[in-house]
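Dropping a structure here in structure tokens format, bear with me for questions.
Naming follows writing order (A, B, C, D and E), and every chain is counted from residue 1.
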Amino acid sequence: MSRDGNVYPLNAQESDNEIAIKPKKDLFTRGVFAFGAVFFLFCLYQLNIDYSNLLAGTVDFITMLGEMFPPDVSEWKYVIPAAIESLQVAILGTVIAVVISLVLAFLAAENLAPNNLVASIVKGFATLMRVIPTIIWALIFIVAVGLGPLPGVLAIAVHSLGMLIKVFAQSVEEMDDGKIEALRASGANWIQIIAQGVIPTVVTALLSWTILRLEIDIGESTILGLVGAGGIGWELTRAMRSYDFNAAFFIAMVIFVMIFSVEMLSNRLKLKV
Amino acid sequence: MNPILQVENLKKVYSDGTVALNNINFEVHPGEFIVVIGPSGAGKSTLLRCINRLVEPTSGDVVFKGKKINKIGARQVKQVRREIGMVFQNFNLIDRLSVVNNVLHGRLGYTGTIKGALGLFSKKDIAEAEEILERVGLSKQKYKRADELSGGQMQRVGISRALAQRPRLILADEPIASLDPASSKIIMDHIFTICKEDKITAIVNLHQVDVAMKYATRIIGIKSGEVIFDGQPSHLTKNIIDEIYSNAKQPLVNAQ
Amino acid sequence: SGGENENGWPEKIRYGVLPGEEDSELSRAHELFVKDMSEELGIEVELFQGEDYNAVIEAMRSKKLELASFGPFSYIIAQERSNAVPIAVRAISEEDATYNSWIVVPDESDVQSLEELEGKSILFADPASTSGHLFPRGIFIEELGITNDEVESYFSSVSFSGSHDNSILAIAAGDADAAGVCSTCVERAVKGGLVSESDFRIIAESDPIPSSPISYRGDLPEDLVEAIKEFIYNYDNEEFFEQAGDKDSRYIPVDESNYEIIRKTAESLNMSPEELLSQ
Amino acid sequence: MNMIQELKKRKRLQILLLFFFVTGLTIWSAIGTNFSFYEVFSGFGLISNFVFLDLLPPDIAASGTLLEAILETLYMGFVGMVVGALIALVLSFLAASTTTPHPVVQVIVRAFTSIMRNIPGLIWALILVASYGIGVTVGTLSLILGSVGFLTRVFADTLEEIDTGKIEALHATGSSYFQILAQGVFPQFFPGFIAWSLYNLELNIRASTIIGMVGGGGIGFAIQKGIKLFQYKEVSMAIVLVLILILSTEFLTSKIRERII
Amino acid sequence: MNPILQVENLKKVYSDGTVALNNINFEVHPGEFIVVIGPSGAGKSTLLRCINRLVEPTSGDVVFKGKKINKIGARQVKQVRREIGMVFQNFNLIDRLSVVNNVLHGRLGYTGTIKGALGLFSKKDIAEAEEILERVGLSKQKYKRADELSGGQMQRVGISRALAQRPRLILADEPIASLDPASSKIIMDHIFTICKEDKITAIVNLHQVDVAMKYATRIIGIKSGEVIFDGQPSHLTKNIIDEIYSNAKQPLVNAQ
């Protein structure tokens, strides 16, 4: 406890004469990268891609995009309501998924789950939801409620649930445990800790995941048209099947605008929150 | 006067085999201001956490107001916890909520689940929280978001949250380790004065021996999970300090 | 929704439309059809259009659909799985109520006959396509005298392109040696400018394939079925038929027996409904 | 004091408005899609019939033929991820406000990748088939397009979150633009680069279950063939295989992430 | 002796209209150890940043070694910057790189673009970086990742990086504000001793008046963007300190 004002002697602390061991170059990282490169080449070999076709195809691809120009808007009377229906399917599906995953995600997060078993079970459930393709979900729900937009909503909700539980739980797990502990120390119970401590802390993350998911769901709902769920997907197929590429381009643009405006909205919200 | 807290043969072995505490015994009487010192890894944090059961003791007893709290159920643990305020090194405030809301978190243990979850605190609680904020000089900041404050102000909110619990005991785990000297002084003064005025017992972990000497009514020195000094500051000789911190980097005093 | 009204009829008729592969395009005309039917029968008719026949078959099976238009092969499956009964096909005349499968090769190919395809690559549309898989496969079995199991080894590769369009595009680009496609689809692709007639040659043609039937669910009340039939057989809204493809076409009655050939072909390929659904 | 309360009130009003807006949207969508709890719940019996009688149990005998398909899916997904990540790596530096050479470049790249991302994979696949013919090329290309779209965005977001103080510190030493990118930006960006790329692999594997039929091959083709021919038990076997593949990539990638980051 | 740095009529108005600096004039002679004090928001950081052009001055001149550096092009700015080392409050190390690599960043200004980008530094540079690390007592840590160090150690790396530039002038912006008292002392001692030994001129922003008094050969007091004191520490009276910090919470000295 030297309280005097003397300048602290340099070099005194820590620089024992021990020599720093130069760590082996990070073998793990290198190994992973080397393996990745080899595996990549192996995959290419297995896929047996016809490279000669690649250039000609790209030319075709660009000409085709060119031919789609200008968009043919004459079918807007059908396209716009169909787009709105797809949008509604996506919104409702996402909302349902968000509500349910807001409960389940807290059971899946390791720092909040009653125990690790519960967390693993909920996470496993979420993975299963994600792995089953939306088309299969749609089929399952068509059996239950018939054709129309409703099975589309349910299929999207269930599929989104799989992703949202996972990412919500991840956001919660990334949270500083000290904050949870502080509320625990004041005698708050599980629900209070979540509502007053966890949600305010992760709300931005939850919001941006939700919006990202909404973007994905708009894309998914356009595909679901094909299974009789209506919406803009059917319009797109119709245009493609009649080789009406200009109309198809218009429809693709409508889809793009829908998703892009959600993305813009999310950028605005991120600034606000 | 009965002791408010008794720690008897307390032992904590973490799941990885680390013996963090070994055979700790002491009694705390109402009104004491105890500072726990010891090198990094000595077990100071573990000791505080065992007292409010954020960490489950391996063996031994913790007796709070005459009740063995290491044998009680989850429900009762919450009741005990709300009588013990805790102050953290990293403040652990909820950033996006207002200052007064953070203080009101101290009332969650006394509020119904739903009301608490929705943040519907009673008028009385709110008035009290504002009073506490006034006491620590933060009236002007009460509607600010917690993350808009400086470190020293955040810690004052942390103290206010603990006070909102109307605690009998305050545990503070290195409350000034993240603060600059100026704020450190303000914080220590606040903790000390409030505990004295409100007759709250305090156990404070500190790294700085000089600060400990200034405030403590009693100092407990821990090393490698064992108490190796327990007495008045005046009895803490340079030799004992050296022993506590030997084989460990000595906490150096400020650059004055 | 599954409720019934006083005379035992369902509250509404739900009609699922799948575009048959021989249809010219996905048409908006059905909205008109449904409107007229609703007025005629005095009962609400709801239209669902899609491309996935599993969805329609499963919906009919769980009694979420009363009427549906199937492709020929999906009809025979629906008959087995969903108790579907055929009513009518849209055509100008009875002879016109069919289409064909073609085996096509790239124009510059040397191949002139089916025999020359031995050891070459062959492309089908998708596994469940009547004219893009079942019938072309049937042609090989019949004309080449091989068994169904020998088809895979007879050619150097047998693959599926996903659609008739993809198949004909692949032939035009010379990516495959031969493909089985539906006649009407190719004609449509030529008309749409996707490929030109000079890109490919036809080296074989199948027996006529009956067109896609409108079918009802077998457990509907008899008087309702009669009313539906009555409406469909007499339906003559020219606007509808023009939009649907040909203003001179009408709905012509069909029954199960018209699809015997599909059933037989499927059986010879081990793809009969019984076999597929028995797993 | 008053102003603060005023602000607080306005903020509260904003949140309330947002809440009503979202609720309104939801109700509007529920009406538009004929949502009914009654139908959903009354359908559970039918669902369980379908799931337990038709889908389950998975047809283990089919796993032999499916194995080849799932490997092809893995190959496509991996190639899509690697090529996509490399392209996105370049594009993201142009698309992030912190590293872009010029704001105009930033806007163009962002719009360009937004088109790639926001037009569903199935549509890409249709256009690609028309240009490249059928085969794994198309499947792989449409995965690459999707990966570029997704990764450019998340990479750019990661780049924008980089601590600018550290960049400033390198500026203060007199370093040049490329030196700062390589020595200051990249090390900070690296963990995000690895983590997102690995996550993209998982996305690609799942995406290829959809694009299979349009000439893409892989397990997607097997799934769609199974559905069309009503071999539902084979489909569920395929899904089990996808599940296994995804779980093992998840496991592997989390190990890699832990070690590298 | 010619001044190494002249600041003449320096003014900085930020784009939002904040006048951060207004008519600042002073000269710095080789070997001086100047501490700039002033309340939060006074303009201390802005002043340092104007000197190495991390911030573009609005008007007035900054003359370094006789050259007006506010009138030169981007290329020359880099050349001037590599002669001016800078030390930051938050250390601003690149976490994932090794300690020695971080130090070598100080050599980037002298290294070719490609070599620098790939981290291919010359043997000589590496040897020198290791020497510097030895000097600040971090030889043992040289291959560790920067984020594995304690705050005090990180700042020693920050100083080493600045030294690797072989600077004529070191600018330090509150180098000890994020550190505990013990580390603070070590850091200030290092900066002071090294500057003295290597004859490097230093301008250091500090909040703590007591620390300033201890090390500075000259103190500049800034308030609201204007210099209101410039002289030897012994001339800095309590009155002047009060004036500098009036209308601002006075930084309280440590709790001793």
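By our rule, contacts are C-beta pairs under 8 Å (C-beta built on N, C-alpha and C of every residue); 3 or more make two chains touch, one makes a residue touch a chain.
In this text, all values refer to a predicted model and were calculated from it rather than measured experimentally.
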_Count of contact steps on the shortest path from subunit C to subunit E_ = 2
*Using C-alpha centroids, which chain lies at the maximum separation from subunit E?*
C
_Most centrally placed chain - per-chain CA mean versus overall CA mean_ = A
*Superposing the C-alpha atoms of subunit B on subunit E takes a rotation of how many degrees, nearest 5?*
175
*asked:* Centroid of subunit A to centroid of subunit D, CA atoms only: how many Å?
replied: 6
*So how far apart, in whole Å, are subunit A and subunit B when each is placed at the average of its C-alpha atoms?*
41
*Per the centroid of Cα atoms for each chain, what is the distance between subunit C and subunit D, given in Å?*
36
*Using mean C-alpha positions as chain centres, tell me how far subunit A is from subunit E in Å, no decimals.*
44
*What parts of subunit A, by residue number, touch at least two of the other chains?*
3, 5, 8, 13, 135, 139, 143-145, 148
*asked:* Residues of subunit B that contact two or more other chains, please.
replied: 210, 252-253, 256
_subunit C, residues touching no fewer than two other chains_ = 1, 54, 58, 62, 194
*asked:* Could you list, by residue number, the parts of subunit E that touch subunit D in their complex?
replied: 52, 54, 77-86, 88, 90, 92-97, 105-106, 108-109, 111, 113-114, 116-119, 158, 161, 165
*Which residues of subunit D touch subunit C in their complex?*
39, 46, 50, 59, 129-130, 133-135, 213-215, 221, 224-225, 227-234
_Residue numbers on subunit B that touch subunit E, as the complex places them_ = 177, 180-182, 184-186, 188-189, 207-208, 210-211, 214, 251-256
*Which residues, counting only subunit A, touch subunit B once they are in their complex?*
1-3, 5, 8, 13, 176, 178-179, 181-189, 191-192, 194-197, 200-201, 203
_Considering only the defined contacts, which subunit A positions touch subunit D in the complex?_
28-29, 32, 36, 39-40, 42-44, 46-50, 53-54, 57-58, 60-61, 64-65, 84-85, 87-89, 91-92, 95, 127-128, 130-136, 139-141, 143-145, 148-150, 152-154, 215, 219-220, 222-223, 236, 240, 252, 255-256, 259-260, 263
